[in-house]
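Beneath this line is the structure, given in structure tokens, with notes to follow.
Labels A, B, C and D are assigned to the chains in the order they are written; within every chain, residues are numbered from 1.
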């Protein structure tokens, strides 16, 4: 078996396509954003990637059918625009450093053949605390892109992210330079504790201006509400436990008093 | 040395063979079930698999002789049936993700040459607590197989197993699709704490209906009794310790009183 | 760079050579025994093995000179005997399962070319407590060898070692079968906590009868005494600390009283 | 993608060049020293090394531009001297044993083509406590080099470093022997807790005598002062916390009293 198996269902003819990556990562921001956009634009799946660099696992769907963990690629053709779109989403990133490099390079060679010259990778920027209004941070392969992004409200902040960008969202930019591709990483600020549809919306707010689409955020906001409810329930439980403990303490005091 | 060494003792000519996998895993359910079936049907060993993907280890048998850790393949010819049987059992699964993929794919290429079109992988579904009457859960590669299994009492339960199927029992299904093979994974419910011959019997109860054999469960039930005795002894010890502690507490109270 | 680099200084012509392995392991028993025997028999180094499967490290000798961590092979020619000897010793075993398999197989291909048909691997059998008179346990590739070893006092004990033999001492036996080599593993019983020259002597006591040599054990016994002294010193310190703690407690009592 | 990608911007023609390595390691001593020397001598970058053996990561620079983690090579041409200089510095060493071996060997093949016969690797020798006047310890590939280094004040101390030299600073010496290169490792004594510009200066004090250059230490000393300030601040905080705790204890006593 090859280290990486690419099953091409179709080799689409695309017009100056822009490549958008959204694999799982911090707060699943990139995955949520990219999958929402594919959904809204009715993306067409044209490739499946299976690899020994992924976990040795199948997933069981609700109907009892299995599928190997994989990455998937979609395209969106757009008659009224200059750029078609190509997407990479999936269940996992490569689980070893070698796997990360090999998978990213392979994806780049696929999108290179499709004519891609521009990449947007989507991810989360974990700050370890709740965020009211998530900023969208950026990193890019050239100064012109930095300026373009700044004009769209993307924050380029010295020392953020301090540790660089780990995984596919970083490697696609770095290795993409070998293919002459110009790239931007958009990172939605997130606590990093939970899947964060709000950070995904913030990232999409920028991205839609670039790729010039209008999308509906309802399903993403619905997910955000569900997560809010979960968070609220957890807080309730914690605060009740707090009161019980307080209660205990009061009893203790009474007993002592 | 090749990454995977396959020593074929014989290349059996088989009639539309069904492939059954039972490697070590949760509760050793698959291994117990497959080995019991091989035993009952007098399976003939025809291949040994040795690999750098297994632990670097030899086992020492009771007579002082060693053997490399390995996987082994058996066949069962059956004159009165439509399908012969092929089995995979062994000491270990591959110990790295890469090893898992490479070994599963290699096994598939072997059984593909033998004409296999149907796979049953056997495993355990660990639920973290004791089970009185273990269910047999299923996952499959197509809807028709799901229906066939349901008719035999196999449970397809939304969200179970939630994390998918890890290891050979999953990969053989997923990668088998590349070979055009149709597959089912049968998972016997088990605590996952100990080897679980009862879950193995539950799995076999389904499997024998599919491969249309009658087998004796005595040795498997004997193993189950042995494990019950061990469990009971542990409980005894724990409960004695519990009483002693209670005793202490009573003494403490007496002292305080 | 090749995965395994073998630097042959000489390709010795050997007479029905017996291969003896003593790499680092439990209690360093095999290493101590093999190195002592090489020393006593004035073995001649003829090969060095360097590999990416060893730690990325050089050792600094007392004169300030470095050498790469390696395995080394020696031979001993013996005019008055039927068998010459070949040895494998070294700083490390392979540090990954893959490395273990690849290195063992490579060594076997080297000794195969030298005409080796018989292997003795030397190791320790860790039992987790101090041993007065260490037994020598055995494992072998055929029943005849088991009987030969029993006649020399080697113990073949059902269920010992229960977990099999991990590493080169096991793999050389298992993989050696592919080369038609007959092999024995001799394991000196040891606590496993410290380097154990006494277990090494026990192993050598058996081995010298097989390869028919007389050797002096002085330097090995000297090492054993040094380790005894270290052990005694540690016990002293521990018992003093015990008394001090007792002393403290007495003072505490006095103060309280 | 190749396991190691070397991007040569230029193939410099060099005069009997000396190769100096300073990758990250204990106290970052080697990296600080080598980067300072490159800076002072206006080294010219001629090669970038990118590899799957590095972490899968891009770094984000202050201007928002990214670059893949890499190793870099510089040269310094010197008209009035017998030897030009070649440097290796970078963000990371290989993160697996295999990577360490493969990267070191690849670098050696590059500098071999440039005509390198002499290597100095720079590193730290961590001793786990603060050092007032760091010694520079040495290790070398031949006795003549040991004597040369001793004459320059380098310490060759029996049993130091006891565990040998791990990583590129060691491997380049050991594997360099395969290329006929003579090498020295210079290790500046350091606590190992923080980046240690003072240990780097100690190493450079030796190295400048060998490569016969005069350099300014100001920027390195400035870094040392910054780290002193950080250390002092940490001590302040710790001592304040200590007093607070003391304060608490005094209050406790008062309350009890």
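Heads up, the rule we're going with is that a contact is a pair of C-beta atoms (placed from the backbone, for glycine too) under 8 Å apart; a residue touches a chain by one contact, two chains touch by 3 or more.
All of these numbers come straight from a predicted model, not from anything done at the bench.
Rounded to a multiple of 5, the Cα-based rotation taking chain A onto chain B is 90 degrees.
Homomeric contact chain B/chain C: same residue numbering on both sides for under half of the interface positions. Measuring from the averaged C-alpha position of chain B to that of chain C gives a distance of 37 Å. Once the centre of each chain is set as its mean CA position, chain A and chain C turn out to be 52 Å apart.
In chain A, there is no position where the chain touches two or more neighbouring chains simultaneously. The residues of chain A lying in touch with chain D in their complex are 94, 97-98, 100-102, 104-106, 138-143, 146, 156, 158-161, 163-168, 170-171, 173-175, 177-178, 185. Residues 1, 5, 50-60, 62-69, 95-96 of chain D touch chain A in their complex.
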